[in-house]
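Two complexes are shown next, each including chain A; its partner changes from chain B in the first to chain C in the second.
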Partner chain A sequence: MKRTVMGTIKVIPVDIFKMPRGITLTNFGYQTITIGQLDYSLRFPIVTPDAIVEINDRLRHNQAAYLSHLTVAEIISKIDQAVNLWTHPDYPQRRLAMKLLPQITGYNAETVELEIKRFIRVFRKKELMRFVDSELDQPEILDDFHPQKSGSMTKAFGPETTFHVFSGNIPGLQIWSLIMATIVKSASLGKTSMSEPLFPVLFDQSLAEVSPELADCLAILPWKGGTMNLEEAATSATDATIVYGSDTALDAIKELVPKSKIFLHYGYKISFSMIGREALTPEYYLQTVKQAIEDVAVYDQQSCLSAQTIFVEKGGTTSPLNVAKLLASELANYQLKRPRAELTNEQAAAVVRLRNDYQLKALNDSDVQVFASDGNTDWTVVYHAHPGFVNSPLNRTIHVYAIDELEQVPEYLQPFKQYLQSCGLAVKPTRLFSLANQLGRAGIDRISALGEMTRAKPGWHHDGHFNLLDLLRFIDVEQNTERAAEKFDPDVE
Partner chain B sequence: MLLKNQVALVTGSSRGIGATIAKQFAKEGAIVAVNFVKHQERADQVVREILEGGGQAFAIKADVRDPVAVQEMIRKIKDNFNGLDIVVNNALNHYTFNPKTRKTDQSITWQDYQDQLDGNVHGSFNVCHEALPIMKSQNRGRIINMASNLVEFPLIPYHDYITAKTALIGYTRSLAAEVGAFGIQVNAIAPGLTYPTDSSVETQNDVRESIINMTPTKRLTVPEDVAGSAVFLASRLSNNVTGQCLYVDGGLVMH
Partner chain C sequence: MTKTSTEIQNDIYQFIQTYATTDDQQLSESDFNRVALDLFDYQFKSNLPYKRYAQSQRKSPLIVNNWQSIPLMPIQGYKQLTLSTTPVQKDEPVFMSSGTTDPNHRSHNYHPSFKVWDASMKYPFKQFVLPDRDKMTILGLFPGEKTNSNSSLSRYVTKAIDFFGDDKSGIFIDENGMDYQGIVGALKDAERQGRPVMLLGASFSYVHLLDYLNEQKLTFKLPVDSRLFDTGGFKGQSRSVDAQDLFDAIKNTFNIDRDHYINMYGMTEISSQCYDQNLVRLYHHLPLDYTKAAPAWVRVRILSTDTLQPVESGHAGLIAYYDLANWNSCVAILTEDMGIQDENGFEVSGRVQGAEAKGCSIAVDQLLHANQM
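Take a look at the complex of A and B:
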């Protein structure tokens, strides 16, 4: 309709894939995104299992010829240069990302801009150095043999090629995995989701500006998740597979990965926060509420790091019920500030169903109260006067549980143990580590301040495990070998 | 409807707060003149939205700093609708609220002040000068001048802007004292940081959040908030209120 009223529309081609030089693809699909008078035509390859094998062979070759010869310090420095490009507001790739990502993902444009700006800075040189240091006492062990306290000389090897299966829930998150693999000198074959196929491609373009040879060690393309023959080809051709996504996606791929190969997975997780009474004093309660909502509202709870449930301790100046009401107001304010994404019918139905269930319950049970946005599903707070634990249908929907003592929280977490991940915690210093210990036992792997839950720091143990170490294998040259070698030195007497 | 068939001129209403006021007035039944100086397309878009919603509006070009252009604009409105009931002086010289690039006391020039005075005060003067004779002969009229809460709380010292807005409040009071006898009410609205608009989009997130933290309602002002108060001051709900400045800033400034 707009076309006839406002005249012609300009078409801008955008490739949402990136191949190493020397790979020629001939069959393409297209998807169009319209923004104002511009049509962005997103082009992606339609590939066969043979093509996947060919791409992997090329990556393996490039890894051997180039990436395997770089030192970790050189790799970090090149990534840093690419990251630096992204800190300029006028950088074309950044501008394109800021323009297209809100359209592709539905997330509020300002949220995308702020979060990408924050996120990209996590990969600056100093941060990557901290990150590598946190997992490897001697990062140079990836470059050469280094003496160990045991007496051996040891070197670490990453996979030559790694297959990444990305989810599309959080824009940009894919590069975390790509950078990890690159640091351990692995080439990467990244499968993106059509719900966010753009950012890793743009970042690889930045790497190409800094070092075309390094960019040639990455191949990124989307295909429909569950395309068995492609995923089988990718898992058997590469040395390691890293999967992000739902339990079903995970299980399907796990079946395909040969037992001898590395398989890492990051699946469905539940995070929550705990507000101690000491954070609900007159000078702090408003700030506490605001920070708690930041953890809920950023990316509409789609991140596994977002709070789904909030425990509020009794005995503060502000009662848990009042905190629930304030959380509701803050969600309303946030909706004005940065509106939530439009939901699919299915997502909206889940929120409506939850509201109906609890509103019905509230009729006969004064211990449950529902606070919700009028006439839409923008935000929902379900208040429970008695403690419990339940996950949320997401999209700015939270449960608030009143609890006598935060120390009682772990007993309600047990049924969810395998899914627990982050906990946003607001308590005084004397309780922090005893609570952290309890939470660790209960299965939580990360504790952060309120308001910081969705922003994991470099060096964290993702889902409780190492990032780099799990990709590495080590070779030890025992001291006796060295001694024996000395004997064979023709000049030795 | 609170403004049924009243004729309203909103200056600088092709975008931002002005556009929202124009739309809100139209919803309340007013016939709205959507004034613009540069952005014909955007003014047309505002008019189109109003018409699609069943309201009445038309776009009209005039640089409020130019007395002749204003005279011509007001004449056209009067000729077509036989009156003018409400004026909102919302136009200003384009201003970017960017705390990082604002001019400090030594880098700002008198010309910067002059430009803001021209856009805000001289612009309002030109419009009122032409509108008041019509309102006087109707024995009723409402004038609303857009000020800013920065006048009371110069959180970030945008010198030229704040000086001009302060002058506009003086102008509002003085004019109210003169024309009240003709049944004309003159008031001002002082919004807090209104986000998002073209002017405020460069105010960085950290600054916005620090304002939010100080604000009792814990949020910034949105254009719809300002439009609501404009409807109040334009309608019978504010009868016998004149010479006032209404702060729409979530309670950041209190009197």
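Take a look at the complex of A and C:
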């Protein structure tokens, strides 16, 4: 038992799992985090493959008994009510999240608070309606048969249960996936990562306040990624598997998913930004730099939406080299305001290695310059006078490439095509869509304003694909069936 | 006055002679500091890329007044730059790394003379590997100098046998592969004659040898005082090996105990080696200690990966290696190896890997790896 001069530390139990009612777990592990005089004891179940099967059976039962009977509109409305709870600063779950997430993830507390507040609002009713609408002309097709232009009557079915494998890089991101599955009326078995096991559990608690029956269609628990027997049980018991995270995590699980089942993967991605000369006028250049840094500093580039490289066009009032220096000083300011997370040895060593590589290169190559925080790895800017493209070891480390015309950027992207994702863009209207078209051809799937890169909007084609549609299957009742059925109407004349 | 190449080599050679058999770093500290500073001054004047790197770190002999503040050349410098205080001659001996991580870029360490290198190799080998005798049967399991003249380890193995091997010693591997039958014959002879042997090779040499012996169901009861020496590690090889499994296999196959297993830390970019201390302590009847010790002309510091400042004793960090024997390139090197040090010695915990991306973002190494596949 820990003692301090102030007395005994108070221990607060927190469950980082959530089970449907009727599931009893008996074997637990614990992890403690200390904040001031409080110890939070995080409790999580240690489960067997049999338990996974039992949980899935229960989810399947609850889905059939309840979720499958809700309309999409009702589901959205219930989610909206849960989201609304989170918009109150005093909401206990929100307060707990704001308190524990910075400790668990290492991210700056202010960043977590701000980003969670922004993020949760993405799931309000009107946003969810837009989201569903962007993929389904008739969202009611999930509720009942609806006539199609072809003549058939069609209904859509989601999986009965979906297995989600979450990564822990961005707090809260898990609920995107959970809400998607819920909207298509799938129950969810969510495997969280110990690097962020909390938020989806807290959100499920909010759902339980609104509708215990709906919350019973979700089960959330962490286990160590790569635990084969559990993952095998989960992939074969559920109807669909969605995996977030590294290729290593992916490969192991993909093997386990039966061919007949839905498998979706959101993996490695690289994002970058492009600054046109028109955004570097005396009026705008400082604002442009600040926005560009937002895309780098929020969550320390751990999001696949974060900029790793910035192309700066020549010919603006301020030169690309000068922009690189301004980016460096803005990163230094940001560090004072919202310090970066502490790094593991591996992460810090990766930054050190990058700096060493380019500092050595700079000895013989005046086209390369390194601007870096003094005495630590807090931030690094590598300036390249000639265009190219390379990804970064993250944690507020960026490459800045000078380029004559932004229209030339796509030629440097080719080797990275399969990994490209978002581009933050600051250009004038006449260039926007021709550049967007070029970037689309190059493999980019999302373009946003500078400063907004890490905040994807609902309805975004995540990694370039549909979110809901990929989970659905359809049944068509042909018109001839209807006509034939008419014949058997005893009342027909 | 900046020393000449000959003068600085003589100073270092003298230092090595003086402190040949002591690893008590306090005893040598003031001499080490003096020679290290002279050496940095010499290298700063004669090794232009090192000078420029030092200047980029705002360091010069004028302001560097103890060995701890000598600028550390990142080990990548041996790939990206030509680091030599003397003009590189055609056909000058050069050690190159095997270049496993980046085949296009191999480290180069030039050796216009081996006088210092040989002295630096010889005494610690005697002290740490052969504390109980002057010569023994050494079975080399790594290609010798003749097979690979650009490998520092090849030269090391050849010299070990030259200096310390008896007439039964030899190298059992060349460009055609390992001579398994030769090794088995040599081991059987030693077993029969009650003559202790030393197996000396790279870590992965043993993976193949143990596989072969296991397949052939061959085991040996090697005589007391036999020992097994390895260097390198198992990462990135055909398969990874758990340390305890390896010790068990060594015991079961050769009858060599854990306390007669010794690991050497060395690399292309440096010119001195460090060793596990267990053997020297065992033969001096001291309590066992499996950490590594450096010879008097080497200092090891463990630096924080974030600040590159020394960490507290017992904490992990990057190994910084200060080596007087590295007279022709850089006296101070920042390695990419992680280590832990306490008052007794240091341990190497392995090459630092690329940061594992926590989620969907991608880190350099993984991308490189992905593109290789």
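FYI, the second predicted complex is superposed on the first by the 490 of 493 C-alpha atoms of A that agree within 3 Å, B and C clash if a C-alpha of one lies under 4 Å from a C-alpha of the other, contacts with A are read in each partner's own complex, and residues count from 1 in each chain.
Criterion: contacts are C-beta pairs under 8 Å (C-beta built on N, C-alpha and C of every residue); 3 or more make two chains touch, one makes a residue touch a chain.
Bear in mind that the values here come from a model prediction, so they are computed numbers and not experimental data.
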> For A:286, is the partner it touches chain B (first), chain C (second), both, or none of the two (neither)?
Replying inline: first
> Which partner does A:352 contact after superposing on A: first (chain B), second (chain C), both, neither?
Replying inline: second
>> Once chain A of both complexes is superposed, is A:329 in touch with chain B (first), chain C (second), both, or neither?
In response: first
>> Per the contact definition in the header, classify A:492: touching chain B only (first), chain C only (second), both, or neither.
In response: neither
> Counting only touches as set out at the top, which of chain B and chain C does A:114 meet: first, second, both, neither?
Replying inline: first
> Which partner reaches more residues of chain A, chain B or chain C?
Replying inline: C
> Where on chain A do the contacts with chain B and the contacts with chain C coincide?
Replying inline: none
> In their complex, what parts of chain A are in touch with chain B?
Replying inline: 110, 114, 286-287, 290, 329-330, 333, 336-337
> Which chain A residues qualify as touching chain C in the complex?
Replying inline: 167-170, 173, 195, 244-247, 266-270, 301-304, 306, 308, 342-350, 352-354, 356-357, 359-364, 375-377, 391-395, 415, 419
> Along chain C, where are the residues that touch chain A in the complex?
Replying inline: 49, 52-53, 56, 74, 76-77, 80-81, 304-309, 316-318, 334, 336, 338, 352-367, 370-371
>> Please output the residues of chain B touching chain A within their complex, sorted ascending.
In response: 195-196, 205, 212-213, 217-220, 222
